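Next, two complexes with chain A in common: one pairs it with chain B, the other with chain C.
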Partner chain A sequence: MAIIKAEKTPSRPAPIFETSIIGWLQKNLFSSVFNTVLTLFMLFIIYLSLSGIIGWGFIDATFVADNRRQCYDNSLTGACWAGVIDWLTNIFYGRYPRDEIWRIDFGALMLVFWMAPLWMPRVKGKVLIGASVVVFYPFLAGYLFAGGDKGLFMQIMISAAIVALIGNMANLITGLAKNESVVQFLLRVSGKMTAPDKTQRNLLLAILVLAFAAVFWWQTSWSAVGVPWTKWGGLFLTLVISGIGIASALPGGIILALGRRSKLPVVRVLSTSFIEIFRSVPLITVLFMATTMFPLFMPEGFVLNKLVQVIIAVVLFNACYMAETVRAGLQAIPKGQFEGAHTIGLGYWGTMGLVIMPQALKHMIPNIVGSFIGLLKDTTLVSIIGLFDILGMLRSISKDVPWLGLHKEPLIFGAMLFFILCFSMSKYSRHLETKLSAGNKH
Partner chain B sequence: MSTELKQGQLASAASTEVMIEINDMNKWYGAFHVLKDINLTVHKGERIVICGPSGSGKSTLIRCINALEEHQEGDIIVDGIVLGKNLKNLDHIRTEVGMVFQNFNLFPHLTILENLTLGPIWVRKMGKTEAGENAMKYLERVKIPEQADKYPGQLSGGQQQRVAIARSLCMSPKIMLFDEPTSALDPEMIKEVLDVMVELADTGMTMIVVTHEMGFAKTIADEVIFMDEGDIVEQNNPIEFFDNPQHERTQLFLSQIL
Partner chain C sequence: MAKENTQGVSARARPKEKFNFFHDQRVRSALYQLLTAGIVGWVAWYLISNTAYNLEVRGMNTGFGFWNVSAGFDTDFKLIDYTPGVGTFGRIFWIGALNTLFVSFLAIIASTLLGFFIGVLRLSSNWLVAKVALVYVEIFRNVPLLIQIVFWFIGVFSLLPRVKSTIDLSFGAERVLLNNRGLYMATPIPGNLFWMTLVALAVAIGGVIYYRRRARKLQDKSGIQTKTMLPSIAAIIVLPLAVFLATGMPLAWDVPTLQGFNFEGGTSVPPAFLALLVALTIYHAAQIAEAVRAGILSVSRGQSDAAMSIGLKPGRVMSLVIIPQAMPAIVPPMISNWMNTVKNSSLAIAIGYSDIVSLFMQTALNQAGYAVEMVGLTMLFYMTISLTISFFLNIYNKRVQLVER
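Moving on, here comes the complex of A and B:
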């Protein structure tokens, strides 16, 4: 018998208990007597712990006091946040000279300004901006933080960095105002827009050289007071170490991962053994080796400061972990993508840079951010080898005479700080994932 | 068969100029002998269809021509260049030989237009605007210019395969290789891809097509090659090949698929 449907069945709204809150509650929390009892029991536990935390941390807590004695006088059962507040500057900046702290803030502000255009859709030349941050910013910030004598190399790098920053800001303005890059703007103003001819290219080059010369001349007129690295500390030091670690672990990891997949045996064996050696050793061991054994291999009289050694160790260690993450991402790319790229004539670097890596990195974002979060937290290990990073500073509070024995509050404060940093990184990675997958449905 | 085109519809465009020459070529996968003593000459403008059962080495053969696979013995000479270990030669070959795959192999992270302009911009060093105009020209030729700003994942299989053809054409190749271009497509979409290929054949492009679409083979082929277990078993013009197959293996194959 033939069945022929005469007209379409209209769609009806879903049953009310599928969409309302009451329906959700009924389905998820109170679906049976046993589940109802469990729900109520859990609510009671949540109430107990929350009231305890709020009572200790806020209601009974002391926020203003000169020493721990006064905290106790105020309340025996509450937290003594006064100690943490008293030490806030130390927690953030370590023992950095108080008159020079503005340099750290200024450096951080510069980074914000430098990187902010990366998130603005109208701004052009993002790859260049990103590269300039990685290449030039460390020198500028490094000198700002450390100060002292500028060698010729540092003078050149600082001048280049300042030119890059100015160019970046000009690019930001032309991007926001005219939706074009600063180069496009200059070309348009000076004549032909497409196909820049030789004079125009020379003009651009001349502007660049002039700017560099001017900045170079200007920077000889000032210098910053030297601050030895032993004075660096607190959150500042943690962010310096992990920031350098994060910025160099990814490129390092990509190079190592490509090396491990290389067809050249020497490159492959070297990369593989490097990765495996660093991955089979705990970070703390690598740190100890870097600070105690590394100097033994160096020629006599060659002194590298401990901070640099630590940073090198952190970078190498994390590059190896990143290499494995990148390798996993590369393996997720189907062979057809390599073949597709080869048939349009792309060579090895073109294939990797234009076709494979952009796709692989997208798959890797959760893992990469996971590594970054791990790196940020692992950095606290440097407090064991005698650097006063944030953890070192937090623990010093309990040894400070007025706050003797104050352990709990600083560590809880530190935990909250790390949570904020790590959770926002994790949130941002989720945001990035949805954003990237929205533009590109498979 | 999905194409209703009659055999011999397209006039042969083959000239005497040799485009591809394969002499006594052998290839092994490990210990497995996939291609055995292959000899083949393809002239400029000639259209060759390769068919045969799966595992007979037809895909491997055209992948060797594109240097996607290495052969161990014999010579492959493409456009006067001997394929060997020389990497510079390989890059040159790949820019002159376009290839269309069964699974399209479009780049999912790039828009259709970016897929088409990637090669011209980075390999041919073409300007961005010029490459874009060139790409649009080919998108119009495969009849989907309106999809230029979409991503491959948003297109149907047939559309993706037409984009893949356009992507290869953007490099203005001298030879086009097709590796079972319609095998991964829904039946409804096979025709739109074959139509594009017939049009391409009409322009005098040198083509080697691995396919099971026999109607298509009759329409465009100057020569049909039948392969089995790594051998070229029979090679003939399409009329003879289909109406009067000589080898018993060919007869069996044709009786099963027609």
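Moving on, here comes the complex of A and C:
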């Protein structure tokens, strides 16, 4: 006779040791005598540093004062944040004319709106949006920041950029509201959904030309006050240099990486030596080369300003590092992809542009974010050759008469700012990495 | 009908394809290469001719004649003899190069040791220790090195006490002194019979190596373990010390003494050197810690389980099983970190340590004005270092790959 229980035995709860806080504490902090000593020692160190930091940075610190003397009168052992707060506008915008600062904010806001659709799953045409940011945004933002006379070329580019932005925003709205792209929306509204391709293309082209003409006519009616580049500074300048740096280094890096993997010996040797030369020297020597030797390279009477010299140096330098990132991405693509592309009759550029690069670029995004973090940190070097980027601004606080000798607080503020920027970006890139590699496993 | 016929023929015996000049692969590749070489050559020629013209118009000096011209400025830190006004620009180059190598060398050693330590702490089973190591790595990785260097220089080493209230780091012996002019250390001056102590040290080390080898052989043969650690340490310390005392302590010290406003004698390094060394060490230790952690994680868990199951203690599991297998994954990123340390030491220019960039590429260039040559030489120096290091890295990689199964 067998005894059979009618229902399943319920599973017992996990032992208290596994679930309770005390169990966790014992397992992770006090598992042995040695570990207990280590934990207590660490707690002591944490207590020492936290109490020091909080005491100096908050409790004894002065936040409101007119000059350093008043800080000292308030407390001798605390930080003098008043100096940093007094200079906050300078730290972010440099010596940009105060009445024109809205242009920088507006430019930044535009970028946010332009790029935001890239993160929205419902919005269509992401590749086009990404490309339009890289191609058109720099001209619009560049004119917005620099101002002055618009040449014909700039007028065309600005108008194109505005049309692209409007199109992008319309696409965002149609995407969110109706889950369709702006092109589909226009065709549906005009009732040409089923018309032949040629009619559709002509209609869209007509709308585009009309919009461009209208914007072009509108933009002749206004112009922005010129702001010389010497007034640019602070975090704004740092972001401009690193932004241009990463945006131009990517295409440059792709070309160099393809050159390095090329079957043509001349192309390969040239690309490889170019990459290796720039990768083996420090950035500061490249910057010095830019400021001392670029003027000699140029034909007589052609003068590059220092900002342009620096940007060229940063772009060259980073293109070589980006080339190695791209190369690593290309190496990760299995050989079957190349062979598959060849079998369906694609040539070199077809293979690379339509099959290999889209896959490789997707996997490179985390590394590209990583390079951008590195570039952002490296951009502080331009303060050495006399540009007033964020570090230059932070260091000039100590030369300002009311805050004479105030060194530590600005540097710590800058360090915190960079930490927040870089840490959040690196967290995001790690998140992307896990997301992409999870997608890859299916 | 005729059409069909020709098709049938071509399917069987293909007629010789018409030779199209531009569709031939060899012709095309040769053309592309010629085109690239042409463009690059033209750009190079254009830049060089512009440079030559500009140099001539501005009356700037060219050539390497400056190498043997005496330089008129002094430096605060040098490892080889140099007198301003007598020493040449060539000597300035070597002073700068040695200073760069000196600070990078020390920073590489210190950051590697610290990095290994923190990398292992990152994986500690103690939650708090692991988190503290994580905080260290994240803070120092995400703040620009230049800000860190400037902070250590201005915020720490420049705020040290003045010469009059020097800190004595040797507990009252006045052998190691620290103030805002730098770090002063007493230099040992060997006496007459000091060589005997060195001989004793060499004998002790040789003996220890022999002893350990024999112990190893014995263990391989019979499995009997001999204690080697304590006897070796004892031999290396006791024997030289005994000889040293027996010969009457033949070692004098060149002690830094306060003369006027500053310390004279001994060896000294400026605050900028200390700031650079500390900042480079801390920054690169964080990078190396990540490489070490990734390397250790790349060893599969089964390895440590197996090692524990044959009864090895946690410390020996790490040192005998995990680390040796993790090394191939750790070494390449670590060496590229060393390369970065050498390159990043060029940030010394921001705080005025006389490395090759600030001494040769800035001060000397401003004085003599051979822009092209001096910038070129400096870059050549860094390229030589990088190529040397990557040469050794390649050798290492080849060796590791051969061992790998």
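We take it that the second predicted complex is superposed on the first by the 395 of 442 C-alpha atoms of A that agree within 3 Å, B and C clash if a C-alpha of one lies under 4 Å from a C-alpha of the other, contacts with A are read in each partner's own complex, and residues count from 1 in each chain.
One rule holds for everything that comes next: contacts are C-beta pairs under 8 Å (C-beta built on N, C-alpha and C of every residue); 3 or more make two chains touch, one makes a residue touch a chain.
Nothing here was measured: the structure is a model prediction, and the numbers come from that model.
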Subject >> Partner chain in contact with A:336 - chain B first, chain C second, else both or neither >> reply: first
Original post:
Can A:225 be said to touch chain B (first), chain C (second), both, or neither?
Top reply: neither
Subject >> First (chain B), second (chain C), both or neither touched by A:293 >> reply: second
Subject >> Partner chain(s) touched by A:358 [first = chain B, second = chain C, both, neither] >> reply: first
Subject >> Broader residue contact with chain A after superposition on the shared chain, chain B or chain C >> reply: C
Original post:
Thinking of the overlay built on chain A, is A:347 touched by chain B (first), by chain C (second), by both, or by neither?
Top reply: first
**OP:** Name the residues of chain A shared by its contacts with chain B and its contacts with chain C.
**Re:** none
Original post:
Which residues, counting only chain B, touch chain A once they are in their complex?
Top reply: 66, 68, 91, 94-95, 97-99, 101, 103, 105-109, 118-119, 122-124, 127, 129, 151, 153-154, 167-168, 170-171
Original post:
In their shared complex, at which residues does chain A touch chain C?
Top reply: 28-29, 31, 35, 38-39, 42-43, 45-46, 263-267, 270, 277, 279-285, 288-289, 292-293, 295-300, 373, 377-378, 380-381, 383-384, 391, 395, 407-408, 411-412, 414-415, 418-419, 422-423, 426
**OP:** State the interface residues of chain A toward chain B in the complex, per the touch definition above.
**Re:** 194-195, 336-337, 339-347, 350, 354-355, 358-359, 362, 439-442
Original post:
Contact residues on chain C for chain A in the complex?
Top reply: 29, 32-34, 36-37, 40, 47, 50-51, 53-55, 57, 125-129, 132, 138-139, 141-148, 150-151, 154-155, 339, 343-344, 346-347, 349-350, 357, 361-362, 365, 371-372, 375, 378-379, 382-383, 385-387
